[in-house]
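I have a structure here, written as structure tokens, and I will follow up with some questions on it.
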Amino acid sequence: MKSFASDNYAPVHPQVLEEIAKVNSEHMRAYGADEVTEKAIDLIKIFLEAKNAQINFVFNGTGANVTGLQTVTNSWNSIICAKTSHINVDEGGAPEKLLGVKLLDIDAPDGKLTPDLIKNLWVRMGDQHTSQPNVVSITQSTEMGTVYSPEEIKELADLAHKNNSYLHMDGARISNAAVSLNKSIAEITKKVGVDIFSFGGTKNGLMGAEAVVIFNPELGKNYPWIRKSSMQLASKHRYVAAQFIALLSNDLWKNNASHANQMAQLLRSKLENNPTIQITQKTQSNAVFAILKPEHTKKLQEKHNFYVWNDNTGEVRLMCSWDTTKEDIENFSKDVELICK
Amino acid sequence: MKSFASDNYAPVHPQVLEEIAKVNSEHMRAYGADEVTEKAIDLIKIFLEAKNAQINFVFNGTGANVTGLQTVTNSWNSIICAKTSHINVDEGGAPEKLLGVKLLDIDAPDGKLTPDLIKNLWVRMGDQHTSQPNVVSITQSTEMGTVYSPEEIKELADLAHKNNSYLHMDGARISNAAVSLNKSIAEITKKVGVDIFSFGGTKNGLMGAEAVVIFNPELGKNYPWIRKSSMQLASKHRYVAAQFIALLSNDLWKNNASHANQMAQLLRSKLENNPTIQITQKTQSNAVFAILKPEHTKKLQEKHNFYVWNDNTGEVRLMCSWDTTKEDIENFSKDVELICK
Amino acid sequence: MKSFASDNYAPVHPQVLEEIAKVNSEHMRAYGADEVTEKAIDLIKIFLEAKNAQINFVFNGTGANVTGLQTVTNSWNSIICAKTSHINVDEGGAPEKLLGVKLLDIDAPDGKLTPDLIKNLWVRMGDQHTSQPNVVSITQSTEMGTVYSPEEIKELADLAHKNNSYLHMDGARISNAAVSLNKSIAEITKKVGVDIFSFGGTKNGLMGAEAVVIFNPELGKNYPWIRKSSMQLASKHRYVAAQFIALLSNDLWKNNASHANQMAQLLRSKLENNPTIQITQKTQSNAVFAILKPEHTKKLQEKHNFYVWNDNTGEVRLMCSWDTTKEDIENFSKDVELICK
Amino acid sequence: MKSFASDNYAPVHPQVLEEIAKVNSEHMRAYGADEVTEKAIDLIKIFLEAKNAQINFVFNGTGANVTGLQTVTNSWNSIICAKTSHINVDEGGAPEKLLGVKLLDIDAPDGKLTPDLIKNLWVRMGDQHTSQPNVVSITQSTEMGTVYSPEEIKELADLAHKNNSYLHMDGARISNAAVSLNKSIAEITKKVGVDIFSFGGTKNGLMGAEAVVIFNPELGKNYPWIRKSSMQLASKHRYVAAQFIALLSNDLWKNNASHANQMAQLLRSKLENNPTIQITQKTQSNAVFAILKPEHTKKLQEKHNFYVWNDNTGEVRLMCSWDTTKEDIENFSKDVELICK
């Protein structure tokens, strides 16, 4: 059964396994001092047009976010983020545990922070009694399937910098955002003022690999210790790095993301005319959010795997992956037609 | 110049210094193994009608809250509290630093949590991906000068307990609440379901002493290590404990708090008929909150010390202490009349 | 160039990649709720004869040790370990960062703790001023290539338990120890009193997978939150679990370890008669430790990759892997003969 | 009964209570923004000949050490210290809990680090896998009653600085060391290279007050947040600061320490000719260490309060205080003569 539950329910793209197999011979230095890692880093630097960036690989998205943020936060800082952000509600409290920081979580119905929503949060600066905001963290594409335009990111970066703060981007689904905007990833990260960037791979067809990109290498000078002491340093490191070589080769990042986004559009088109269904978010990446009647959801879930996002409203999330097929959507849509009426 | 800035701007009540002087002879065991401490603990047990409670002294309010909460939280827990609560905005991020927890801070305009405000927060229980709420923390009297009735506390305790959670009370100004309600402190803590209680003394005339009261001693079995490793264990411990002996002797706790509350009532009465001034909160303890015109505030602050609570609205906080006099209020009121028109 | 630097310089065994490929189809639930993970856990339970154990997978050895230890330590505890132990000198301070504990590191020239070395360390128990030892952590095989006998482990377990403490085993190279002793892994873990066990895979031919085995499941009830908040939970979890299926299938664990151990014996035999070389440790697993003349080491390192273990003494570590060949040893030995004279 | 158990069993010197009473009138700003604090800081700057130093007050010795060290350590650092040091064995693991660091505890029978003992500890610098030493922490006078000469401190400071590390001094009994050496405190701190200094007061007649002195103010720029988030910021701050005014007035620091040291000399002279008693440490400050027969110790403890320092050897610690009298010593000595034979 194909699932609309999460893009991490999907398998690994064959090209990724091939790349892994390709590097699986001979001894190589461990812990990232190998040629595969070197090549992967070089590819990312070119890809992001960021030759001075400090780039490191970690195991998972939580690891990428928390180690990246650790480069700029002290325990008395706070991080401005959306209430729905992954760091706020889906990382088991790892940011608080490892960083000791406070998260200033802001209501943002579409998952997107705006200057207006956050501009008044830098209060009591210099006051030792209260946590000092010094990072704005945004997710691109957001947990609600929406996408920041380059201009919107730039505005947030400028606001953050004006307040002596950094802009962090959780890019677990950055590729989906880029293809949605028809931009390069450089154009929506480095070029619009992002300081620290979690470059996601796992949700876009990799097995388990994320890159932490610190555009100003000065910020990253302690990163090796941060990563090791946060238990995110792989020993047989080439197998993590090789996944990123695959991702950036043959436009895999783009093809996978583009396909997933298209499937989400197709899925949306199948749902949006159903009078019992209310689409709740723009479909700008690979997720469709919609409110179904609870009894419909229940019946659909007997055959299809997807998550209820909000128990109170009945909103569900339908997530498409690099391997979602038109047939998968047809099968699901047929059941929707049968049930949701 | 007498101040309305904070009750910790006030000096120490003479009876407290007398008690300190009284214990200042002979050698005594350090770190709380002395007879003064024993006596203070016994007095509190009687006072709170809680003979089995585990009672310990610490240096300050932040220390009381954070060590008390540490008895029941793991880093993957979250603590439900009001957005204006001291643990959320006035402890420099100590709860996150020392406990690693997340604070679920809820908008509560009068500083008071209610069952309705929080009852939907126990979501995703059992889900390893998200911080698990297991404490409700309330402040009595609140940071906004309001007071929970015993019934309101009981309701919150019941709700917390129903959700396998604890009720923590930050009682930095517990005495002001008790006299306001005309209740004993036992009646608004132990008897209505509070599990962990920061019994405040410093803001009510002590020099620097708070007690952490853990009503179920089983919860407190690791408390000695929590306190020591959190750097809240006094070596010459008798001088901290003696302050509580003073507080509970001759009704000092009640007299001080009662006086401060009365002064706040008097102050309020002087302000509430001024058409340029808008009282913003009930005056149930020793604080008056009011919106003044910014230019009036500025002029008043040239002669009187008090805090602007909210820069955006112009709300100020006027705090009365055990030593505030009618004359202080008269002097202030006269200037208000001259300036605020 | 084949390396004697570390067993994590070796590639992944082909059977592991095959197993990974085998599970790479269809959607599966993420975060460990999949059938591959279920199968891997069942295999381990049978393998360890521990049907009630709580078993979880993590990314790396540091992750396994630190999350396992976190099930039983508070920040005021201390962990008794050898000075050379991985948790003490090779985890970047992760135990202190994530657990807040103190490591009581004991000089043990062969890497092995003994009852005599540690029996006096449970002092000041009950004293809030000092960290309380509650775990003994041993490594099997040790970082010095030596191996604990089952009886030695049992003695340490008994001593730990007598002192209300747990026995933790860092089994990064547990398979090498088991084949060296001609015992099952169950016989040197569960059956001799180990409480918490890091079951290593990466150094024995896997890509990156370790299992945390908590024999008393009561100790593991919070483990899911510990792992998630410590950032060790894989999303596409099947690819971690599948590696353990490979390890436990077709005796891969035994064959790999047995081969590596034999190569170490062969290597030792080539060195031990060289009068310029002094073997410094028993060769009981897959490492040979020896003191070479610094100028010899330098020349050898021009052609061969291995680590100087102790700059002061000139001791080097030569590590064999599942893929070390007799030819590799011959090549190295020839250069040794040429250079070390 | 007068005690030889600890100098914190002693009461507060009357001059300290007088100074506290003196500042106990009028409202003053809280949290250190008051004139008493300003005066105390100015006095210390003059006293230490360190006009640029950043000086702050905290509650206790553990608080002073841990917040001071926090200005220069990250969790991946290690702190070189003596095995007997207070931070290592008497702070309940607070350094590990709050700083996340590793303590490299070195055997030093007289409590004193030497360049020879520590010069080889800066190994694997730059290696992300192991905690990086960046602080040497010494105690003056030591926990064993011995004293570093200025030259010895200077040598350690030079060694630390040469290794890009800081010299931290736990000066809980700094006054006893200074009078022992007949030096000013400036001469054994700032002038010989100490970077971060815990200026102890509590053990020398204060009620509970320590100062953290950061000689290079650049290091202290985050100190206010460190202190607040570590729960060491007093609200009614004047009462902490006033104690230091007392300490530095009328040579109280010197008189108290000098008296305690003299009493220790007298005590030593009474014991050293007893053939059943073996003095184990130089008596350079206010402590006498000696091995007594266990049965003698037991009998003596029935009448006198003192600590067995080492259960294995029977070594005891006899600590003199500012208030120890010749009569106390006579009484104790008489019992020694009666019992220890």
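Letters are used for the chains, namely A, B, C and D, taken in the order the chains are written, and counting of residues starts over at 1 for each.
Operating definition for what follows: contacts are C-beta pairs under 8 Å (C-beta built on N, C-alpha and C of every residue); 3 or more make two chains touch, one makes a residue touch a chain.
Source: prediction; values computed, not measured.
**Student:** Compute the rotation angle for the C-alpha superposition of subunit A onto subunit B, expressed as a multiple of 5 degrees.
**Tutor:** Fitting subunit A to subunit B on C-alpha atoms yields 180 degrees.
**Student:** Sort the other chains by how far their Cα centres are from that of subunit B and give me the top one.
**Tutor:** Of all chains, C has its centre farthest from that of subunit B.
**Student:** Roughly how far is subunit A from subunit B, centre to centre by C-alpha average, rounded to an integer in Å?
**Tutor:** Roughly 41 Å, centre to centre.
**Student:** In angstrom, rounded to a whole number, how far apart do the mean CA points of subunit A and subunit C lie?
**Tutor:** The answer is 33 Å.
**Student:** Centre to centre, by mean C-alpha position, how many angstrom separate subunit A and subunit D?
**Tutor:** 50
**Student:** When you check subunit B against every other chain, which residues touch at least two of them?
**Tutor:** In subunit B, 31, 75-76, 91-93, 97, 100, 128-129, 225, 228-229, 233 touch at least two other chains.
**Student:** Touching subunit C in the complex: which residues of subunit A?
**Tutor:** 1-3, 5-6, 8-12, 14, 17, 20-21, 23-30, 59-63, 66, 91-94, 97-98, 202-203, 207-208, 225, 228-236, 239-240, 305, 321, 323
**Student:** Taking the complex as given, what residues does subunit C use to touch subunit B?
**Tutor:** The touching residues are 31, 74-76, 100, 128-129, 132, 222, 224-229, 233.
**Student:** Any idea which subunit B residues touch subunit A in the complex?
**Tutor:** Result: residues 75-78, 89-93, 96-97, 100-103, 120, 123, 128-131, 311-312 of subunit B touch subunit A.
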